[in-house]
Amino acid sequence: MEKVIEIKNVTFSYDTKMVLKEVSLEVFKGDFIGIVGPNGSAKTTLIKLLLGILEPQQGSIQLLGQAVKSFDQWHRIGYIAQKARDINAGFPATVEEIVAANLYMQTKPFKFLNKEQREKIDEVLSIVDMVDYKKRLIGSLSGGQQQRVFIARALVNNPELIIMDEPLVGVDVASQEKFYGLMALLNKSLGITLAMVSHDIGVITDKTNKVACLGNQSLFLHDSKSFNQTDYIKQVYGEGISLLHHQH
Amino acid sequence: MPEIFTYGFMQRAFIAGAIIGVICPAIGVFIVLRRLSMIGDTLSHVALAGVAAGMLGSIYPIYSALAFSIAAALGIEKLRQEFKDYAELSIAIMLSAGIGLATIFISMGKSNSSIFSYLFGSITLVNLQDIRTVAILGLIIMVSLIFLYRSLFYITFDEEAARLAGVPIKRVSLYFNILVAMTIAVSMRIVGILLVSSMMVVPVAAGMQVAKSFKQTMIYSVLFGLVAVLMGLFISFYWDLAPGGTIVLSGIFILISTLLFKNIKLKVTANHIKATA
Amino acid sequence: SGQPAESDGVDHPPEPQVEKIKVFTSFYPYYDFALTVGGELVEVTSIVPASTEPHSFEPTPRILAELEKAEVFIYNGLEFEPWVDGVLELLSGKDIKIINASEGLDLISLEDHDHDHDDHDHDDHDHDHDEDEDEDHDHHHGEFDPHIWLDPMNAAKIAERIKDALSTVSSDNTDVFEENYSSFKAQLEELDVAFSKELEGIPSEDRKIIVSHSAFAYLARRYGIEEISVAGTSPHAEPTPAKLAELSKLAKAYNIKHIFFEVLANPKTAEVLSKEANLEPLVLYNMEGLTDEQQRTGEDYISLMYKNIESLKKALVK
Amino acid sequence: MPEIFTYGFMQRAFIAGAIIGVICPAIGVFIVLRRLSMIGDTLSHVALAGVAAGMLGSIYPIYSALAFSIAAALGIEKLRQEFKDYAELSIAIMLSAGIGLATIFISMGKSNSSIFSYLFGSITLVNLQDIRTVAILGLIIMVSLIFLYRSLFYITFDEEAARLAGVPIKRVSLYFNILVAMTIAVSMRIVGILLVSSMMVVPVAAGMQVAKSFKQTMIYSVLFGLVAVLMGLFISFYWDLAPGGTIVLSGIFILISTLLFKNIKLKVTANHIKATA
Amino acid sequence: MEKVIEIKNVTFSYDTKMVLKEVSLEVFKGDFIGIVGPNGSAKTTLIKLLLGILEPQQGSIQLLGQAVKSFDQWHRIGYIAQKARDINAGFPATVEEIVAANLYMQTKPFKFLNKEQREKIDEVLSIVDMVDYKKRLIGSLSGGQQQRVFIARALVNNPELIIMDEPLVGVDVASQEKFYGLMALLNKSLGITLAMVSHDIGVITDKTNKVACLGNQSLFLHDSKSFNQTDYIKQVYGEGISLLHHQH
């Protein structure tokens, strides 16, 4: 099967602090992989390595069969950053303009957006329930609304691989529901590969087919079906902690 | 014809002013949003060092000034990566380096008070040749901006995301920086540095008050830039004031008006809501 | 001439029958010269008011509009007025007499002027400036010291050209201009003689002055004085510590007892040196402009030059 | 005694330099982190307008310059609230207003070339009176900074949270702004604007490269400021260069060293990890 | 009983958009109130009004018996903002310095922190499991780690009322567990009043004693015990949406 992500023996350190040690991972076309782990277990670091924002001290990373270092087909990849909301609230751009920006590779310099593209924008905005906010300035939206705009932006390019770092942070229940419905659709019907960081272990094991657990500089890959949440929690966080969302 | 238009120098001032009033805010929108508002001031001081260096090395000072400005613009870009979270710090550092070098070069002798003449122009003293230069520069800038509009917008909003969307951020940034350096180095000698660097900032600040999208910010900024130039030239002529300063203060006046307008609008809505609630 | 009452043209009751000749000058000395030569027949306007700092000065549109009606325009040149290129362009093709005051004068190149204080060979100040090897005009900018008006004989030459210009504009009044000019010239010659006489007999090794900003090269050349300046011709240049140290050593070595500064320039340099090398500060006027005080008391070129003689005498006559 | 210390003016330069080398970076840390790096440059241009206005109105120019600077600093604070997300824009706007006014006032006459002598000082030209002024100013600033350290730190880091923690943000900001305006207006005349505004920025930028906490940032910035001054004065004396520029370039040299040091350290660790992994 | 928060008939609009209409709310000493509602339902707006960051166009707000307008005892209130993480990543301050900053009212200008204060800082950092990161620069922490620092900062002053706007966003499961344990302790043993915005409806109804539902410019106050989640979801988000966290 086609390898969408291939990480081989990657080691990474910030200054003198090693956070990933000889980590390997393979993700195939059509996978929906969940990435879990405690705070500071290098989930975001792993994703930044994948996107070439950071460079590993050792090991190699390939995206869609091409080394990340020389990768140049970024439009085939959608990305939602953990810090996406850290935008300047005063930036005078509308929701529509921000989503349209991601159509960069599809628009000619001197052209306005064509009908098809405008429809595509409406489509992704309606997926995240933000069509009504199309003309609003990004800074005038609530936290969750901004996050939804960034989800829409990642979807607008019809990417083959979508990488998400806690995309649902601050997003309300109904939209989360809708989002997972969409993910299932993209993943199952369109065969889009998904990689998603989340702390919501219960939901993520339910929705994905693979789970990568990060912790202690290492990565363990599980099949979601065989992934035992309670064991995981015990293993990573120690005994005595129960899975929060299953308590009530 | 009103008296003001009967003078050739005023006619030329209106033409040059209109061009500056359009290109400076247009390029200024990106400058301000990249948090490089003070780049005009910095590059002009660096250009001074360039002029002094040219005089020392017997190079035609305009060329050395241009070379220094471009080098500084690229240096700022490089520093910006070291100080990602404090973009304006890179500007301040370059300014210090620029004046530092300039004072040393000047004190090394040869250069004399004429050194400053390379920095100061006046909008009422432009000739046809100047207008041609500014117009060509304006054309280059406008075409470049239309061409780069999308990529600049994206880079300005979110550099990381822009790279992932396929924007060649290095090349676009490089080109943009050279454009800014050229604009400043070329036009300051013609219309004066005050006009160039203020026109890049003040109308944009005013535009940001009323605009409801990025496109509108662009449109309003250019509009306010044009109005400031026209208003400034009229006032300067009839009240006998220095034209550069008057144009800039007209811009400031427009900015204050937009600020007041916005605050009053907020108040009125608030009262309206109070009344109807 | 150049008496307070006359130099202030506004005080005079207008003489209806004569249309005054409109003369524009770039800054103070030429204002004085033009007024002296033209007398009541001219209306002189100085574009830079009381010598505002020239480099940030921007002429207002009003003054440019009036300039279009000018009949004579006098400026210094040598990049002293950065805005003048634009003004000249504005005036080109118009029926106007333009006088570039520095034209035809024996100019001091800034390179010569860049003193090498280690060898004090005075003879090189007498060398002939006419042999101007460097004819490359692309490269002309700011090559010469612009402070030409401080040599009284330069002043006379400039005044003569002003007289000629006025005579062409108003040929009826040639006699008046001739007369004004010759009396002014006589005054200048008298001044010149006074300079030479007062400084007579001073041995050449004593003919050294320290000034805070190099504006007196022409004056110095004419009267065989060596000008040692703290700062260059750019008033903003900061003196280097090495230079200050060298100057204080020089002052001691040559037994210089005074330092000159200009009223309009930063007096601090002079102050520091006067402390460091025990120099007494004296004022030397460069007349780039007049202070409010000087305008009130009716000083002009001639009267201030006599004051300069007094100061120089104090410093040089031991 | 080496020659450099035999001259009174050099002794005074070392004393004044040491004071400036301490107070400017100390106050500069807060300025840079509040994103007001260019405030020195702006306030000096506003002071120019103040001097020109003073000459027009026959007021003692130093007073009008000080008044203008303080008004501008307060204006910047006000504008900062309008442009919360672009603090440096408020600086750029004030700069434009400042030079705009200055050129108009200057062209209105009366002011003469001595106007610049009110702006430019030089560290080698300070007298005992100057040292006294700078020392008093330094004392006021250092005491204020110690007194306000905690509140300034909090305001700089997070204004909203600071208010909720009980910091009287309005009063502290006001006082700090007046302090900055005073520092610039008073010391630029004495040691030169270049030195004041660069010393507020360059050593801080270097300090931020190596510091591992806010306190260390403060300590390193002051240290680098001092070293830059001493190094600059030595080089300036023995190589015959303009002292202000040399001090600033020494600061830039230190900054570049810290940048290189940091990047090399990163590389070395990376290689070390590669080797051991 | 002592009223800690009293909102009376508050109306608020952004520009022309009304987001709260004649809303009232009373919170008493010892309450733990959860604030829920879809994205954009004015939860953050309500909190900003409470803190005096925004001013209502109509109505009145009292904190600890004092009008917000003239309130000056902010050290008695702890606050964790939704946007707390939007700090400048380059700001050169350590975790310890940031937490210590909140001790402003307790430190004299010329004094260093005393032993007691340093212990207090360690205490709150250990509550959020960040003692080991005390000397680290804030910018070098992971997203969740930063959020935990801000939680610690809010606790350091022993506040009587703690207001939290989605404090657990991006915080891992174990720390959430710990956090709720701590909240229970603060609330039940020390009688500290808590107000917390969250999208985690399941957990919030379980932990709080009151729930304020925002939506359609209005606020409804429920008793947590009688609060029916399924009804709420249907009411606010419409039929056909099930509560996500209860699905698996």
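Letters A, B, C, D and E mark the chains in the order given here, with residues in each chain numbered from 1 onward.
The rule we apply is simple: a contact is a pair of C-beta atoms (placed from the backbone, for glycine too) under 8 Å apart; a residue touches a chain by one contact, two chains touch by 3 or more.
Just so it is clear, the model here is predicted, and its values are computed rather than measured.
Asks: Which chains lie in contact with each of chain B and chain E?
Replies: Correct list: A, D.
Asks: Show me the overlap between the contact partners of chain D and those of chain E.
Replies: A, B
Asks: Between chain C and chain E, what distance separates the C-alpha centroids? Give it in angstrom.
Replies: Comparing mean C-alpha positions, chain E is 75 Å from chain C.
Asks: Please compute the C-alpha centroid of chain A, do the same for chain E, then give the distance between them in whole Å.
Replies: Each chain's C-alpha centroid was found; their separation is 27 Å.
Asks: Any idea how many Å lie between the Cα centroids of chain A and chain D?
Replies: 44
Asks: Where in chain A do residues touch at least two different other chains?
Replies: Each of 90-91 in chain A touches at least two other chains.
Asks: Could you pull out the residues of chain C that touch at least 2 other chains?
Replies: 54, 56, 58-60, 235-240
Asks: Using the touch definition from the top, which residues of chain D touch two or more other chains?
Replies: Those would be 33, 83, 86, 102-103, 106-108, 208, 241-242, 244-245.
Asks: Can you list every touching chain pair?
Replies: By the stated definition, chains touch in these pairs: A-B, A-D, A-E, B-C, B-D, B-E, C-D, D-E.
Asks: Of all residues in chain A, which touch chain D in the complex?
Replies: Where chain A meets chain D, its residues are 11, 13, 15-16, 18, 21-22, 57-58, 88-91, 139.
Asks: Tell me, which parts of chain B touch chain A in their complex?
Replies: It comes out as residues 33, 146-151, 153-154, 157-158, 160-167, 208, 211-217.
Asks: Would you tell me which residues of chain C are touching chain D in their complex?
Replies: 49-54, 56-60, 235-245, 248, 263-269, 271-272, 275-276, 288-289, 291-292
Asks: Quick one: which bits of chain D touch chain C in the complex? Just the residue numbers, please.
Replies: Residues in contact with chain C: 3-4, 7-10, 13, 102-103, 106-117, 120-122, 124-125, 127, 192, 233, 236-245.
Asks: Going by the contact rule set out above, which residues of chain C touch chain B in the complex?
Replies: For chain C paired with chain B, touching residues are 54-56, 58-65, 68, 78-80, 82-83, 85-87, 89-90, 110-111, 114, 138-139, 141-142, 145-146, 232-240.
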